[in-house]
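Shared between the two complexes below is chain A, which has chain B as its partner in the first and chain C in the second.
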Partner chain A sequence: MSARIRGYSPFTEIEEVGDGLFRLNMGPQHPISGQGRFIVLTDGERVFDIEMDIGYSHRGIEKILEYKTFVQGIVPVERMVMLDTSNILMGYVGAVEKVLGIEPPPRANYIRTIVMEINRILSHLYALGLLSESAAWNPAVFLWTTADREPFLDLLEMLTGARWSYSFFVPGGVRADIPRGFVERLRKTLDWFEKRIEVYEEAWIYNELFRMRTEGMGVVSRQQAIEWGLAGPNLRASGVPYDTRKNEPYAAYGELDFKIVTHNAGDSYARGWARVEEMKVSVDIIRQALDNMPEGPVKTRMPPRPKPGEAFFRVETGRGEMNVYIVSDGKEKPYRVKISPASFRNFFAIEMLPKTQEILLADVPVLIYSFDPWFLDADR
Partner chain B sequence: MLSEDIVSQIKEVLGEAVLELKSPEDKRIFLKVPSERVLEIANRLKDEFGFDMPISAGGTDYPKKNVIELFWIIWHSEMNKVLILKCEVDRENPEVDSLTKVWPGVQKFERETWELLGVNYKGHPRLKPLLLPEDWTEGYPLRKDFDLKPYRSKWGEKY
Partner chain C sequence: MLNEILSFINENFQTLFMISVFPGLSFVLGFVIFAVWYQRKYLARLMIRMGPVHCGRRLGWLQLIADALKLITKELIFPKAANKPLFIFASIMLPVIPAAMIALIPFAPGLVIYNASGVSLLIFFAISTLFPVVSVIRGWAANNKFTIIGAFRNIYLDIAGEIPVFLASIGVMIWAGTYDLNEIVIQQSGMWFVIPQFLGFIVFFIGFLAMIEKVPFDIPTAETELIYGPNTEYTGAMFLNMMEADYVNVLAWTLLMITLYFGGYNGPRIFPDPIINGIFWMITKLLIAITIIFTIMISYARLRIDQAVRMGWNYLLPLSILNILLTLILKYIMFGGV
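Our next item is the complex of A and B:
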């Protein structure tokens, strides 16, 4: 016998399942849920199970790609994550380049690196904004991070012609060279942005209230992070020094000198902190790439057909490692593309956490946003 | 340790269970084994070789050969190598042992492959729809005989 009662919010539905337990639906139209649904099993205070119900925006991108040529595939792939399009696209383009057996020219690699790091900053800013909102720091930090994305979006518009989903990377290079005035403007923006990071740290990330809210909550140990296959800043916040940019360098990352941000705590605070630190690293990487940028062409010719074979390519997106596995049968279209995005792996950790430690209902939004979830990414 | 050394060690330890083993480039090891022995071999790869972090799993449909080729992609966190473990199952009755007990992180990937390719993972804790609607009855979308054309026409002929 289960009685259905309406919760306090028009979006939340509660179902009683017996033993004083309730099944609480957060989503798919809940303010905190995004395009997915969390099914939370709770007794009103303690959470016993979180189930991530995804697939509300499943577009079948893997299947669609089998019907597209390698270049046409760019368009569906980069719509997986609108905030982080170029990092996602790099995964696909890098795998295609491996299948085709071509190498982009050095200058293209540097331009790619700059665009990808700008995208990482954009992605992390949004993630930090949402984390602050979920921890009830809404009025200030979320608006700051949203406003601070604008100068970078303007820069990308100057370079690529669009604010997002710009299809800027193609197999064999990038579509265009850097326009006049771009480098100076980017350097100025970076100088300004470094000061903004200090503001975030002072007002928010090192603030005692925020630390009290997040420290020691949702701890993922190093062992668990590896077993569950966690990705990205979440993995590094649990003390695993894995960064695809360092471990398997692609684009120009092999020629640049930067550090991997790690934290040993593995709690929600560490995951937020890691993102702030990574923005500093990104600023550093962009500066180095601007200093060391070689001259030359930005695109090579692309053969229409690959040799039959398979390629596996890993890339570090804003949310973590994404890997693309392409099987080719020698035609101009791929035979099979398997994309494993970062959020898909991070969601599994969210499901496992309440089984290993005490999570309270009030912690759920903070917990989930500390992992920086993105449903379109996981749904494909 | 070099990829070649691991390759020769795997060959030595697994013996005739190895159907195909190659390392076309550094940090990538492709290993193909019989589908009946996947679970046993996965356990040995984890315990004896230390491949510990699951990063992907899935499958590819080959209607001409009448098989579905499954793969699990595992990263070695100390040696920084990627192992692509493969096996072939019959297309009519695809069934294989689930590797969730060895690497818990493959759970969602196996669930997705079960849904989109129709592969039955024995011993999987949670085989239920993930990405598709719960009342989906129109087949397995990632199989090659699933045609997208009827779905496209809804949105216009131009795609």
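Our next item is the complex of A and C:
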């Protein structure tokens, strides 16, 4: 059944899909859509279905990697999530190291841990800013978080030479040792940042209207979170204490003591809250890594060719667990690289939620950004 | 013919001056330009950034005029499915309604464009009820999913906000014993009505935020889901009109709030001339009020439409009725009669 309004045009057609419902096209040119599209089935306020349309930014990174040597592959892999490059890169570099059969020296592991945790803070700050912006078109918190990323970006520039996409991790270690003055500056920045987290909590996380918008909305139960394969802070906000850093430690995480942030509510508020708490944990991890940093080289020699074989590596990125699987046929290029990113699994929950509970149209942006979506990550 | 026109102008010079310069057209347009500039600069400071800096030195005051010129010279695009006459009508009509409301506000002793012989507050509310009607026309005429959803949200919100605002100002009417805004201001020369009418003021202020559609009640133009609500399809000069309507609406309601609760043009004597003194205090109070509105804009999230409507009907409406009862009792105790 389709009833059309006078003056038909393909772009503004209002087509009824039975019972007065119609499909609302959010994206790919919409304030909240990003590089994707959400087709929302709605009666004007209530939402009955969200259909995700991803793939607008598919770049074929897995295929590109088959034509690059193991070291050259670093650059395309980083492009998956520009905010979170070192965590993404760790997955690839870790898998390559397994294929090549080499171990990075312990000091390199600690430097990697520090860079990855700084990256996690940067990623969570951005996610928090977007969540606040989606609850109201109010970019204040977004701009505060963007401004607060600057000191960390400066630190990364000091360490790696670039603010973004620094290609700092290479198979067998990291490219450079810590420069003079870096440790003191990082410690000072962390002290300052802990105070900033308190400001966010006061201004936004404990804000009454923000809680009204997010609490009890988009609840993912513990069972659903496991069934739908959620990842990262979204999974932990539903009360599942799963963190790859703890369950299958890589880099220096096995030698450090930190807690897994969990929340039992599983709603949009819990997902935002979990990110703030994880930033605190990251600060703690960086401090421990600085205290326990061993001396020694930061890089081992890398063999030119691997033995034929395969390797699987999992890593906890800012958006959840990412799996990398590499098959090598003994040449200097990989035979096949398969990447399973976290955002792709998180998107599945956005599709499933309106089927299980009542979501309003105004909740859609908050719901989407509470999962911290990253289309480039899902599309690869 | 020319003589007749000249003599007409001579006879009605004061009224014509008030309509065209102050507090009429020029003042309203000047306020819109100032308010947009002030909002951009003030919010920018709160967001750790600069705001416009290129046109007009560092203050960026020319930016708004440049933007307006750009919008006027742009092509007007009409959606194929739109109802063109209604679409244009709404864009012209929308800024006119709040501007007509301003004609009833006294800016100084005797300085009011239309002296409505004792019922100006009622006429103010009568005109204000046209706003949602035209707002629905604009959304419906554009014939787009986003605009229609925005237009209907506008109705829900205005009904939920309007009734508490009316009932809260009935408290003021009872306390002052008159519908006349002039008379209400004169009675506040001793004490502002915000003190005896505090509960009513709180109800009025929340309903007021809903009427001017600012955060946390910018639900009809919710940019995160509806792009720009009922205004989504407007371009060029018509878009400019929509922006203007938004700010003129803020101006009209803010002036009403000052007149009802904050003593109108009353204030300590700074200038010897009572008219200039009145205008000075009116504008000072206006600036303080819009600063508070802009600060609220940046501090809060937007409510959902169901939460806003529930707030209006479940909390504001009973509170405003309670306020009327308390006003009656208080007036009976203090003055021995109503």
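Here is the rule we go by: the second predicted complex is superposed on the first by the 360 of 380 C-alpha atoms of A that agree within 3 Å, B and C clash if a C-alpha of one lies under 4 Å from a C-alpha of the other, contacts with A are read in each partner's own complex, and residues count from 1 in each chain.
Basically, a contact is a pair of C-beta atoms (placed from the backbone, for glycine too) under 8 Å apart; a residue touches a chain by one contact, two chains touch by 3 or more.
Computed from a predicted model, the values in this text were never measured in an experiment.
Colleague: In the overlay, answer first, second, both or neither for which of chain B and chain C A:Met82 touches.
Modeller: neither
Colleague: May I ask you to decide whether A:Met212 touches chain B, chain C, both, or neither, giving the answer as first, second, both or neither?
Modeller: It touches chain C, and chain B stays clear.
Colleague: On the A-aligned overlay, A:Phe344 touches which partner chain: chain B = first, chain C = second, or both, or neither?
Modeller: first
Colleague: Quick check for you: in the superposed arrangement, does A:Ala136 touch first (chain B), second (chain C), both or neither?
Modeller: The answer is second: A:Ala136 touches chain C but not chain B.
Colleague: Is A:Ala265 in contact with chain B, with chain C, with both, or with neither (first, second, both, neither)?
Modeller: It touches nothing on chain B or chain C.
Colleague: Across the complex, what residues on chain A touch chain C?
Modeller: Touch residues, chain A against chain C: 5-9, 11-14, 22, 24, 26, 30-32, 44-45, 132-140, 143-144, 147, 203, 207, 209-210, 212-213, 360-366.
Colleague: Touching chain A in the complex: which residues of chain C?
Modeller: 43, 46-49, 79-83, 143-146, 148-149, 152, 215-216, 218-219, 222-225, 227, 297-307
Colleague: How about chain B: which of its residues touch chain A in the complex?
Modeller: 27-28, 30, 52-56, 58, 60-61, 71, 73, 77, 80, 82, 84, 103-109, 116, 129-133, 141-142, 146, 148
Colleague: Using the touch rule from the top, collect the residues of chain A that touch chain B in their complex.
Modeller: Against chain B, chain A makes touches at 54-55, 58, 60, 62-64, 67, 226-231, 240, 242, 247-248, 310, 312, 314, 321, 323, 325, 327, 335-336, 338, 340, 344-345, 347-348, 352, 379-380.
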